[in-house]
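Naming follows writing order (A, B, C and D), and every chain is counted from residue 1.
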């Protein structure tokens, strides 16, 4: 058991940190980028590709870097640290992950090659509209069409290619849809965290199927990977929110003294640190499980996301409260951190959903062993 | 001890309920129910409807439009308004500057301002907080220097809620820098169209614009706009802040919001985890409401009961917890705050996260919950 | 709506406070009483009878004082304030309440008359042994026998008369059993809060039936009354625990200053006050509901006990923590308060049980109206 | 980064598990499993079993019976012991006075005390806390005045855990009253059979007797019993308290207790409210355990990682929450703590509340959770 990064991974981390730091060195810089379309920096996207970050999880045969979950997590955490709005987890881990798991050699080489090179942005359309527009697929072999509505699809309006889940006669299918496909309507908008989402409507839209049979397991496994990556993004965000708050307590004066004179506030900062250490441990562990014991990956993802839910609410809310009024303003950073943590929390299942999953199996084992 | 309202109070409640649910324009109540921002016009029309019926400023002296109600009646008025989705009369007018002018202003100031204040013909803004004086309000640095029959005001105020609509602003300004900080403060009324006064919007984390910075550069203010005596402003401010805490627990509106959440949840309430969470919130709100009733019952002397800090503290916590529940109910749709009308995401889901983010302010503004704990520990427990 | 006590009730409260204060003026006095059998002061029991406290809820025809829920609550709260170990709620509200609700004129006059006079102690045997010894009744008319085990029966060994619930062919029945009945075996012991309980085994034990038909509703209504009375006992206990803690913070020195110099501790004391005010409001309200709107009494009892559960754990645990080591000792008072609050919490359904009840009906109403 | 134990560590774990579950007398492990009090004899037999196998004091220098283990191996040893219901070697001996004597004692003291300490032939008590010095340990007032080649000790210690079994007591005493409080303290070993030393039991709120007051009235102690230098005791105490925090999170035993709770709950786990509570606790314990593993991985330099305060804080909270869960599972049976053997109330229910009450101490003793927060805020966050 070992929690230290090797030097190669540290080099990757530092490189990514460098690129992101240049674009998102201040909260104002980030706001400027997220206020313009497409909500992130195409330039930074390209630089991430140059570093190899966009191809990390994909095999070299597919045009990727052939790295593993640890490298993906390190990048996600750096994204979270500065709230970089590029759709790394959305495009690479989730949408790219579905292609990697379900596509054939040619499909993978094509899509993942272009994704790794930063030439395209993928979006995963996996959430059916809550208004009841379930997407169904009809057809066979090379000839499929999709009908229905997905919403919200993160970065769905900008995406060059959509990876779409749809109901088929043989269960859940996974499909690729081109941005310029007929019968495809995309309505993009801003999400509260500065990101982008879209309503994506399919009406007899031509699609290419990835794989065959019921692919619910492929979807669930890929969602587990995305949950773990998002958990890392979240701990990056929490870490910055906590540090920003601690710094504020050291410098902000009230009643003639700095805020860290007030023991009640100090103790609450200590509680933030406790939350931070605990969530960091669980999230790191989930990545190790993904790398070394993938058969437990879904469970580990649920555990990580549950812990992220608890810590994210705690740290996000307290970061604002301990700042006072300034924390409420869009000009200052902590509010954006809370907003992003809230978005991650409600994407791919919130803490209660994870708890429900874990609660259902709590009687199946005695002592919980993190290693075995 | 008894549970039931007296016949008189029950009749009063029916009367209020009848008025609020039938006389206040429906578009305004719908906007509140949908948790959308009210326009200035809606605020004004709502308050003028109330004022016409003598229901806008019941807490004022009777001669200026107030009512000689019992604390319980005032509480019922306040709750029924919230339950009916009627916007509460603008606090800056009805609860803050109005009572201060009525209590400490000259007859001339009263005549000049009170009727227009009650009717929201003048929209008041609050100029208390400053960037470097958060919870430590008395350390404010905006100065007013006497020059003939005018004050020359320089400095900056912040967190001025709805200042973009403001006609006038009531301010605390430093008129004597050489004494203990509380002893050199005056309460000054300033026309917001005065030269040298500028308002700059502050965007909040929900993307909305409801607070502002207000800058004063050599703003000249007639000395006649001083309320009460020079350098006594801190006393008036304390009086005002005491009033602010009355009815500070947003019980009725939070109850309505929780009831909306239950409607939205519908069949999902068969999930014991969700229904337990709702039941726990409902019990928490019940305890809060009953405490508010106990507090009003014991504040007949007109002074706020010290336990009103409990109402502020717990009231804002519960308000925040209910807004959080709505985000959770919205699930992934809660991200879609910016969805337009073509979206499939229901309206309540789109407002859920912005409201949740916005309501983090509730435990900060108007005396943060840390300040409330300090008051409880100090004033009530003697610690 | 009115939360003030009338002068007569205040006089009752002061009289009870006086009697209890003389016996339980210090924590040591109480320990001495609870260390001896029967675990309470027979003398104080008699004095409570002299004040009319033991007959409060019973009609004058039955030998009682014909008072109402408010008077009962006031007495219960005074008991809680000093942790008086006399079985007021157990004997008067619960066991006596069952007799009052189910007995005929003669039974009520006999049993409640003697109880009101302080001549007897009643115990309610209503919890079947968790080992599965359900008590069943057979017989008819004047001739019934009981078989099975009840445990724990609070004050079951000392009681002169047991009020027992048992399954009959027509549903739940309520029975009276004499202390010297044949086939009755009682094994008494101490409970953690200094009280007494017993295993009570019935083996063809002769019993007198109170009422007829299924009396589940009588039991539930009486339990609701007892829950409300216990809630008052609990707020009396919490109030003392909180005040003791606040006093300690004012006087105990650490690092050369009194503990109330430490803001973190002060703020936690403030949170205790918040809990206290909220629970007090809910519990007072439940008594008013019992008095004025008895059709809502079960709901109100559940709400009161839920709030007592939350506040009791909070105040009990924090009272010890804020005291530090001294709070852990049996010589000091706060630990006993926590112990008693823990006992009340787990008797007649804990907070989770109440929450389960309330959760099941949460969709049946919109806004919750405390008055309507 | 990797998840799996190395082959070597996995083999080590198997070896430990094998030993603890087969070599330690079953009656002792059953007593721990039943959460009953251990007798002195059981403590001694358990530790002597470990010591015979060289597993009692692995943290000591190798020449005195220690092991040259990695921090991870030491962690595995500690966890496996708890999971197997083996009582941990008496902390006063193994984690406190032993390491202090080994680090600071003279060769004579080492030879005289260390072997007997490892083997629990001497049962040590701790004499640090005093009635008027709680978290402020350095303000202690027990004095040791030099008189020839003896110290004369007067004063009182308290919270002396299991002092009723003690043969010797290691104490902090004031040898110089005229300097800064930390600078006048010495570390003195005292034979508990000395004339003038008396032990008085303190009953705790669970009715048990595990702590004591120890009184010193002109107790004469040979100067040879001084550890290290006079007036340097505070340094040794800090060293000791630092050791105390290692492995301070009772992860293994709390995990076992939670697993027991699940067994007890049985079919009741189909209730989502209960199973959610268990799952949340389980996730909390997982996070704690993983944090402990991270901490041991980063404390190779022998000094406790500052985050060990997190382990103490959260570890005791979770321990308390699990004991609370057991009381809730016992329901009304949880009152029946005093039931005798004829009772139908199962053993686990009878111990539930006393253990719950007793474990309130966990967040107070050994550096209260308030002290831990102070350490985190100060040492780690620099606040």
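We adopt the following convention: contacts are C-beta pairs under 8 Å (C-beta built on N, C-alpha and C of every residue); 3 or more make two chains touch, one makes a residue touch a chain.
Since we're looking at a predicted model, the values are computed, not measured.
Undergrad: Which listed pair, A-D, C-D or A-B, shares over half of the residue-numbered contact pairs seen at B-C?
TA: The chain pair with the recurring interface is A-D.
Undergrad: For subunit A, which other chain has the most distant CA centre?
TA: If we average the C-alpha coordinates per chain, C ends up farthest from subunit A.
Undergrad: Given the two chain pairs A-B and B-D, which is bridged by the higher number of C-beta pairs in contact?
TA: A-B is joined by more C-beta pairs in contact.
Undergrad: If you average the CA atoms of subunit B and of subunit D, how far apart do the two points sit, in angstrom?
TA: 53
Undergrad: What is the distance in Å between the mean C-alpha positions of subunit A and subunit B?
TA: 38
Undergrad: Taking each chain's centre as the mean position of its Cα atoms, how many Å separate subunit A from subunit D?
TA: Here the centre of subunit D sits 43 Å away from the centre of subunit A.
Undergrad: Return the residues of subunit C touching two or more other chains; collapse runs of consecutive numbers into ranges.
TA: Residues 262, 264, 266-267, 355-356 of subunit C touch two or more partner chains.
Undergrad: Quick one: which residues in subunit D touch 2 or more of the other chains?
TA: Correct list: 272-273, 276, 370, 373.
Undergrad: What residues on subunit C touch subunit A, complex-wise?
TA: 262-264, 266-267
Undergrad: Okay, in this complex, where on subunit A does subunit B touch?
TA: Subunit A residues touching subunit B: 127, 129-131, 133, 149, 151-152, 154, 187, 189-193, 195, 197, 199, 253-256, 262, 264-265, 313, 317, 320-321, 324-325, 327-331, 335-336, 338-339, 342-343, 346-348, 350, 352, 355-356.
Undergrad: Enumerate the contact residues on subunit B facing subunit C in the complex.
TA: Going through subunit B, the ones touching subunit C are 1-5, 9, 72, 83, 255-256, 258-259, 262-263, 265, 269, 272, 275-276, 278-280, 282-291, 293-294, 297-298, 307, 310, 313-314, 370, 372-374, 376-378, 380-383.
Undergrad: Which of the residues in subunit D come into contact with subunit B in the complex?
TA: So the residues of subunit D touching subunit B come out as 271-273, 276.
Undergrad: Could you list, by residue number, the parts of subunit D that touch subunit C in their complex?
TA: It is residues 129, 132, 134-136, 139, 158-159, 202-207, 211, 273-274, 320, 324, 327-328, 330-340, 342-346, 349, 353-354, 356-357, 360-361, 363-365, 368-370, 373 of subunit D that touch subunit C.
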